[in-house]
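Next, two complexes with subunit A in common: one pairs it with subunit B, the other with subunit C.
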Partner chain A sequence: MLVASVGATGQGKFIAKNAYISFYSSTPMEDILGESNEAVTILNTETGEIAFQALMTTFHFKRALMEEHFNENYMESTKFPKAKFNGKIEGYNSSVLSGPVIDIKVAGILMVHGVEKTITISAKLGLEDGKLVGISKFKVTPEDYGIKIPSLVRDKIGKEMEIIVKANYLPFGN
Partner chain B sequence: MKIKYAIILVVIVIAVGAGIGLKMFFKPHANINRLKAEYKLDASSLISEFEQDENSATTKYSEKVLEINGELKSKTKMQNGIDLLILEDEMQGISCQLDSSWASANQPIIQSLEIGRSITIKGICKGYLMEIKVSPAIILN
Partner chain C sequence: MKKIPGILIGLFLFILSGNVWSQDLDALLNAETKPTVDFRTATFKSTRIINGHSIEQMKKNQLEFRISHRFGTLNNGLYGLFGLDQSVIHFSLEYGLKDWLMLGAGRGSLNKTYDGFAKIRLLRQSSGEKFMPVHLSYFTSVELKTINFPVRPAGTSNYFSSRLAYVNQLLIARKFNENLSVQLTPTFIHRNLVKTELDLNDIYALGIGTRFKLSKRLSVNAEYYYTYNPNSKSLEPRPYNALSVGIDIETGGHVFQIMLTNSQGMREGSFIPQTTGNWLDGDIHLGFNISRVFAFNNK
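The block that comes next holds the complex of A and B.
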């Protein structure tokens, strides 16, 4: 399914199977940081298309209670187990794959909590120590994705959550 | 006098409530060592269950403790120091991130593992994303 979403043939693809994704929000009480090292991303080197998926249950928090609330109250992980992004690098040129890290923009559709939104995110892509790396930092507003936060808690946490993504890509298939 | 008892009662209720609240707030993460496996299965049959019907397999196994037996295909240490074992198939098999405290206490066991041998792991199934994700996991034998 993931493979299919970036195009058919097995040629010209890079994959990162244990990509990093984090979700951060600051509150007066304490900072909330959820991290996963189990996201999967595929980059189609011919078209510049990028697919990224993460399982909500793989996010790990400092406190077990945060993890429970994240999965059960906010993300409803049983109903919506995955967050997905399918996008395309704007003005893609394959030379980015063999040069130093540069700033890029990726436009696509982000699906979180079963809700799809069109977004454009800033990212960096290129070689670092001879390896293809992709990094991105962007913000999302939970309400845009139908995530309900009780008003008692709502005022205490930032309106936007910061998402950080890091992937070390490897050639995939032939 | 009645007021005094009422105040004491209120204080006790608040103290107990706060105690329960704090206990919940500081509740530790599940210790995979102590959890009992709900399902014991072969890696290949678990993979085919997910391939046939991802949704129902996810409902059945996600967040459940599984004991899985399969062939060790790869063993790596990730950048963040976590040991990663892959069973059955390198691209679309079962990916097990080992519990970090278990792994640091059992490095000799991890180091002695040979690729190609059959191993049994116990871990929490997180669902399917190209491969079946199990974490945290420990090695049983």
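The block that comes next holds the complex of A and C.
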């Protein structure tokens, strides 16, 4: 039984090691775009559970100063190095993995800046050119995660950040 | 030893595997995350601590335009509006050619001096996969005084080379924690021509600078340059060690530095060997550095 359960942890999973995550905010004063191509994500094909992790220092910006302020002033990356998401696909059925891309909902916990919040995200999952892809676009409010934006720069940073996630999954262990 | 019923073992394993299950994906992700080298960034807010350079660089393709002012001395009193009636200015353009190489050129009104410099990053403080206790950079500059030479006795002449001074510095810094950073700056300066026979052509100095963050956007900085000069007491005007205290205020794309200093010079060749103000006499200059950064990334 022990052998069986250990075996199960490695099987029935898909992984993406270079998943893309971006966040974007736009105001008349300034557009801010941070992008990482180094997020990792795992999908448990048996349960529909899904997990993401991204190191804050892997996000890059056009302006070096933005990157510095992102890590130093807002995300406090030394204290909170990672953002995480742990969730489950609602009404999961494993047939989604072998069909075309469809709309799904994922409910779970998003942890950013050390603050955990329950969140439900619209996403798309399915096969595209024979490969399993997951895509999502959703919005978060920095204040919800204890990220303070001083009034001095308030007009340069949007109230909400648009997050885009793209992952190309491969069978785990390959 | 009593035999434990198989069903209990089964139950135990079931609970265990259940626990493993919920932690499962996270643990797998942790195992997949490659160990990283964590470089300490933002050791100082600006490329200057106050007058002297910090180990911070302009990153690749970033251009900084800096304007600095030092007013007259506070002991001018109300008649001279505490020094505000007079000021010296320095402005410069400074560019990150590579993340590790920064070049700059500027001009200061004190002695009508042009300067060019290079700052090269050699080591970065890091933890994680690679441990390095300090940042280390090399700074070098050439300063060209273009102010008219004093009238010389007939039959003697001035040379262009007499206008030049060379600066070499090692910048050794450590960010101890989020708030406290300290830098040591051993310095060697060579001046081709000095005022009198007692003035030294070769100057050795040691700078110590620090910043302490009061909040995310506000820090207190202090900087002291000890200059080895055995003749200092016999020189006229007498040189003093440069001592400066100031604050850094960060507002998005700008860093605003306001300081009090006994030096009116803003370049190494002037504030290190020829600071003539004495703090105890009230020879204190109010000043500021302001900078704007422009990004030239093609993206």
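To be clear about the criterion, the second predicted complex is superposed on the first by the 163 of 174 C-alpha atoms of A that agree within 3 Å, B and C clash if a C-alpha of one lies under 4 Å from a C-alpha of the other, contacts with A are read in each partner's own complex, and residues count from 1 in each chain.
Please note the rule applied: contacts are C-beta pairs under 8 Å (C-beta built on N, C-alpha and C of every residue); 3 or more make two chains touch, one makes a residue touch a chain.
If you're wondering where the values come from, they're calculated on a predicted model, not measured in any experiment.
S.K.: Quick one: on subunit A, after the overlay, do subunit B and subunit C clash, or do they fit? Just give me the call.
M.R.: They clash.
S.K.: Taking the superposition on A as described, I'd like to know which of subunit B and subunit C A:Asn18 touches: first, second, both or neither.
M.R.: First partner only.
S.K.: Applying the document's definition of touch, where does A:Leu152 land relative to subunit B and subunit C: first, second, both, or neither?
M.R.: In the superposition, A:Leu152 contacts subunit C only.
S.K.: Quick check on the superposed pair: does A:Gln53 touch subunit B, subunit C, both, or neither? Answer first, second, both or neither.
M.R.: A:Gln53: touches subunit B and subunit C.
S.K.: After lining up the shared chain so the two structures overlap, which partner does A:His113 touch, if you call subunit B first and subunit C second: first, second, both or neither?
M.R.: neither
S.K.: Contacts for A:Asn37 in the overlay, against subunit B (first) and subunit C (second): which applies, first, second, both or neither?
M.R.: first
S.K.: Tell me which touches more residues of subunit A here: subunit C or subunit B.
M.R.: Partner with more touched residues of subunit A: C.
S.K.: Which partner does A:Arg63 reach: the first (subunit B), the second (subunit C), both, or neither?
M.R.: both
S.K.: Between 5-13, 59-67 or 203-211, which subunit C stretch has C-alpha clashes with subunit B?
M.R.: 59-67
S.K.: Could you list which residues of subunit A make contact with subunit B in one structure and with subunit C in the other?
M.R.: Residues 2, 17, 40, 53, 55, 57, 63-65, 78, 81, 172 of subunit A touch both subunit B and subunit C.
S.K.: In the complex, go through subunit A and note every residue touching subunit C.
M.R.: Where subunit A meets subunit C, its residues are 1-2, 5, 9, 13, 15, 17, 40-42, 44, 49-53, 55, 57, 62-65, 68-69, 71-73, 78-79, 81, 84, 86, 150, 152-153, 156, 172.
S.K.: Within their complex, state which residues of subunit A touch subunit B.
M.R.: 2-3, 17-18, 37-40, 53-55, 57-58, 63-65, 67, 77-78, 81-82, 168, 172
S.K.: List the residues on subunit C that touch subunit A in their complex, please.
M.R.: Contacts found on subunit C: 10, 13, 17, 20, 24-26, 28-30, 32-33, 36, 38, 41-42, 58-60, 62, 96, 178, 216-217, 250-253, 293, 295, 297, 299.
S.K.: Okay, in this complex, where on subunit B does subunit A touch?
M.R.: Per the stated touch rule, the residues are 24-30, 58-59, 62-63, 78-80, 82, 84, 91, 95, 97, 126-131, 133, 135.
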